[in-house]
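Order of writing sets the chain letters: A, B and C. Residues in each chain are counted from 1.
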Amino acid sequence: MFLFLASVSLIALAFILYFILREAVPVFRGATIQELLGPKWRPTYEAAPRYGILPMIGGTLLVTIGSMALAIPLGLAAATFIAEMAPGWLKDIAKTALELLASIPSVVYGFFGLMILSPYIRDSLGLLTGQTALTASLLLAVMALPTIASLAEDALTAVPRSYREASAAMGATHWETTWRVTIPSAFSGLIGAVILGMGRSVGETMAVLMVAGNSPQLTFSFLKSIRTLTSGIALDIAETPSGTTHFHALFFMGVVLLVITLAMNWIAEWFRGRLAKGHLKR
Amino acid sequence: MVTPVSPIAQPAAHDVKSQKVCRLDEVTRAWIKKNIESEIIIEAENLDFYYGKVQALRDVSMCIPIDGVTAVMGPSGCGKSTFLRTLNRMYELTPGAHAQGRVSFLGQDLLKADPAAIRHHIGMVFQRPNPFPKSIYENVAYGLRIEGVRRRSALSDSVEESLRHAGLWTEVKDRLRQSAFGLSGGQQQRLCVARAIAVRPKVLLMDEPCSSLDPKASARIEDLARELSDELTVIIVTHNLQQAARVSDNVAVFMAGGELAEFGTTRQVFDDPQDPRVADYLRGRFG
Amino acid sequence: MNNMLIEDRKGKHRKAKQVTAVAILGFLSSVSFLVLGAILYFLIRNGASAFSWEFLTEFPRRMMTEGGIFPAIIGSIYLTAGAVLVALPFALGAAIWLTEYSGGGWWVRAIRIGVNTLAGVPSIVFGLLGLALFVITFGFGVSILSGALTLAILILPIMIRSAEEALNAVPRSFREGALALGASRWHTVHTVVLPSALPGILTGTVLSLSRAMGETAPIMFTAVAYSMLRLPNSPMDKCMALPYHIFVMATESPSYGETRNLQFGAALMLLALVLVLNLFAIVWRTISRRRKAW
């Protein structure tokens, strides 16, 4: 009985895989794999529909890189400060604030991005529209930051006290201990934290949907409007009749998204698990 | 033997006995010089220590001679480890801990100096071996690297020398680049000794360094402590009386409440303890 | 001479490095918290004026350019309450099995991996699942039922983890005490372990409630309607929901300028609900941890 209840998460996972694959596989009746990985997404152009999801993969990649360029340094800096330097009371406040930041719904971030950030970017950079990859990257960075910071903080705090003592007893300053002992010891945990944060960025839907502009173009410019895998699905699926190649192509995008995020998750968990084992040996 | 009468006000109880404890006046110094025939490297003067509101050391005054091994003994909870951690200010890592009084190291007040600088001169080995999760080489080179030594040859020379001193060189010379975690407990502890002496400290503090080791590995650490005492001052905390008797030249015995009950040469203290509590303590353990 | 001994020449340089590092890291971390402040500031400044009793209790009027967000609030409550009610028994059962009965082994590892994996699935994929499974295959259509079930799967891993954590925090000695008195395992669990873990489990429930309340992507094509002029009257009915309401108002509203105030109001309302729930859970968790004598 309890075993059944416990297995529900596995069953749910199996359902996800089964149903999404079931709706995704028929796409091959309407398009070849080369077409699906092509650079043109024109599903509603009836004369010659194209179902290439490359622009969405490119868009996801672009905003993920952009957001991580900001979120990784900020998140790790915040984690290091909170774990190693902040006094007790500040630590409590900071951790609560991180938890609250992480709990803000993505639609609220998206709303903030659309109403405040995107006009600001448009005006300050003199663009026609503020709905760009840059806007989405900034917003995603803010959203991934609490994840990275709090997981990285966990990893740093898990470093045994004896390492720090040994280093302090050698005459190292607090920063030298942090930089030369604590951070290297927590390294795989920090990588795990970063990858999980990255996974958040890849999988985030609403915020990107609201601020990235959603043009399915393959570009490497942060000042252009882009569409990601997630926003691509969210945009089209409500208005696409089920059973069409377009509908199946959207589920195919879901499969690609799922594969990417799950792979990142597993890699991250592997790194985090390695950390736990490394300390346990001691 | 002349016991000096200290001009410093003494605690009421055990008055006569605690006079044997050295007090930092000229008479005491003279006594130390005469009886132990050594310079003094560390002097504690009216040292009180608190964890929050709990007092862990009570008005401790003593001198540590520069030569030989000084053992710090006493029943558990008597403050012997706390005393050791005052000498290199490691207690500062414990929130709420603070010390009052004066501890001088070659004449300068330790409690007012920069802790990082002090710890360069006063190294420490802990209860449990605590190598860094780095290679054997990097563990030993750590102290030099934070001092800013970059030259490879200087580092390698120093690593080899320290490992030789710690009696570990022949065992690890072929695997310097492997993780320190692959070593046995006793080897790890000797690695920690090598790491501590690589920066050429003047004093080495050893906080029950054998408590997690088997008898054979313990014996090697004891030998090491003796050998090292030719070149630096060794202060070793131990609850093992035989070990103190084997290793040390001088002994300080703390009693519950963080009071220093007796200080003298190992021979004196073991053969003829002045404080009845110390006598009981020594007898209880031997009997 | 003694001074030279303790203050070595490089000491100053190293000290300076220490101070610089703390300053830089402190500055970078405060940036992150300024962001939280900025979001709160802009939402409150623009949205606070929309708040009134009518805003919270009235239906939208005139193509959503006037009136309140009452149906959206009610819809969100139906969806989240439904999701938590469905997920709670499963999560509790799973956590009890993992902590009390399993005793380790590969099956436990598999379930742990399953829970972690499920937690990493993007929310839009839950939306796809809900669409394919509940809406199409089970034929529930776009309904509160489909949405609540989808959200239930989404919050399942969070609830399992927090319940497991709460159960693990109950000291072994409690269980051993009861078992030593001859109580059966189940008896021990429900008379000793569960009551001790209850505050922790409730905290986790409140946190998942707030998570479900803020999610948009999973309900977007399983439960919500753009606008409804009545309250839903059965679980098979569509409903409005606060996060979706914010989304459509911001992206598809016919008269952008006029409704700006209402939009900020709705966003502020959602943010306030979520933050209050979270803060409540965090404070409660802190208090119950402190109160514990063990």
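Just so it is clear, a residue touches a chain if its C-beta (ideal position, glycine included) is under 8 Å from a C-beta of that chain, and two chains touch if they have at least 3 such contacts.
Keep in mind that this is a model prediction, so the values were computed, not measured.
Chain pairs A-B and A-C differ in how many C-beta pairs they share in contact, with the greater number at A-C.
A centroid comparison over C-alpha atoms places B as the chain most distant from subunit A.
Subunit A and subunit B have centres, each the mean of its CA atoms, that are 52 Å apart. In whole angstrom, the spacing between the mean C-alpha positions of subunit A and subunit C is 17. In subunit A, the residues that touch at least two other chains are 173, 176. Taken residue by residue, subunit B touches two or more other chains at 116-118, 120, 146-147, whereas all remaining positions touch fewer.
Of all residues in subunit C, those that touch two or more other chains are 14-15.
Interface of subunit B with subunit A (complex): residues 88, 90, 93, 95, 115-120, 123-124, 126, 128, 130-134, 142-143, 145-147, 181, 192, 195-196, 199. Subunit A meets subunit B in the complex at residues 88, 160, 162-173, 176, 180-181, 184-185, 278, 281-282. Interface residues of subunit C, counted against subunit A in their complex, comprise 14-15, 17-18, 21-22, 24-26, 28-29, 31-33, 35-36, 39, 42-43, 46, 89-90, 92-94, 96-98, 101-102, 107, 110-111, 113-118, 120-129, 131-133, 136-137, 153, 156-157, 160, 207, 210-211, 213-217, 220-221, 243-244, 246-247, 250-251, 260, 263-264, 267, 270-271, 274-275, 278-279, 282.
Remark: subunit A residues 1-10, 12-13, 15-16, 19-20, 22-23, 73-75, 77-78, 80-82, 85, 94, 96-101, 103-112, 114-116, 142, 145-146, 149, 173-176, 178-179, 196, 199, 202-206, 209-210, 230, 233-234, 237-238, 242, 250-251, 254, 257-258, 261-262, 264-266, 269 touch subunit C in the complex.
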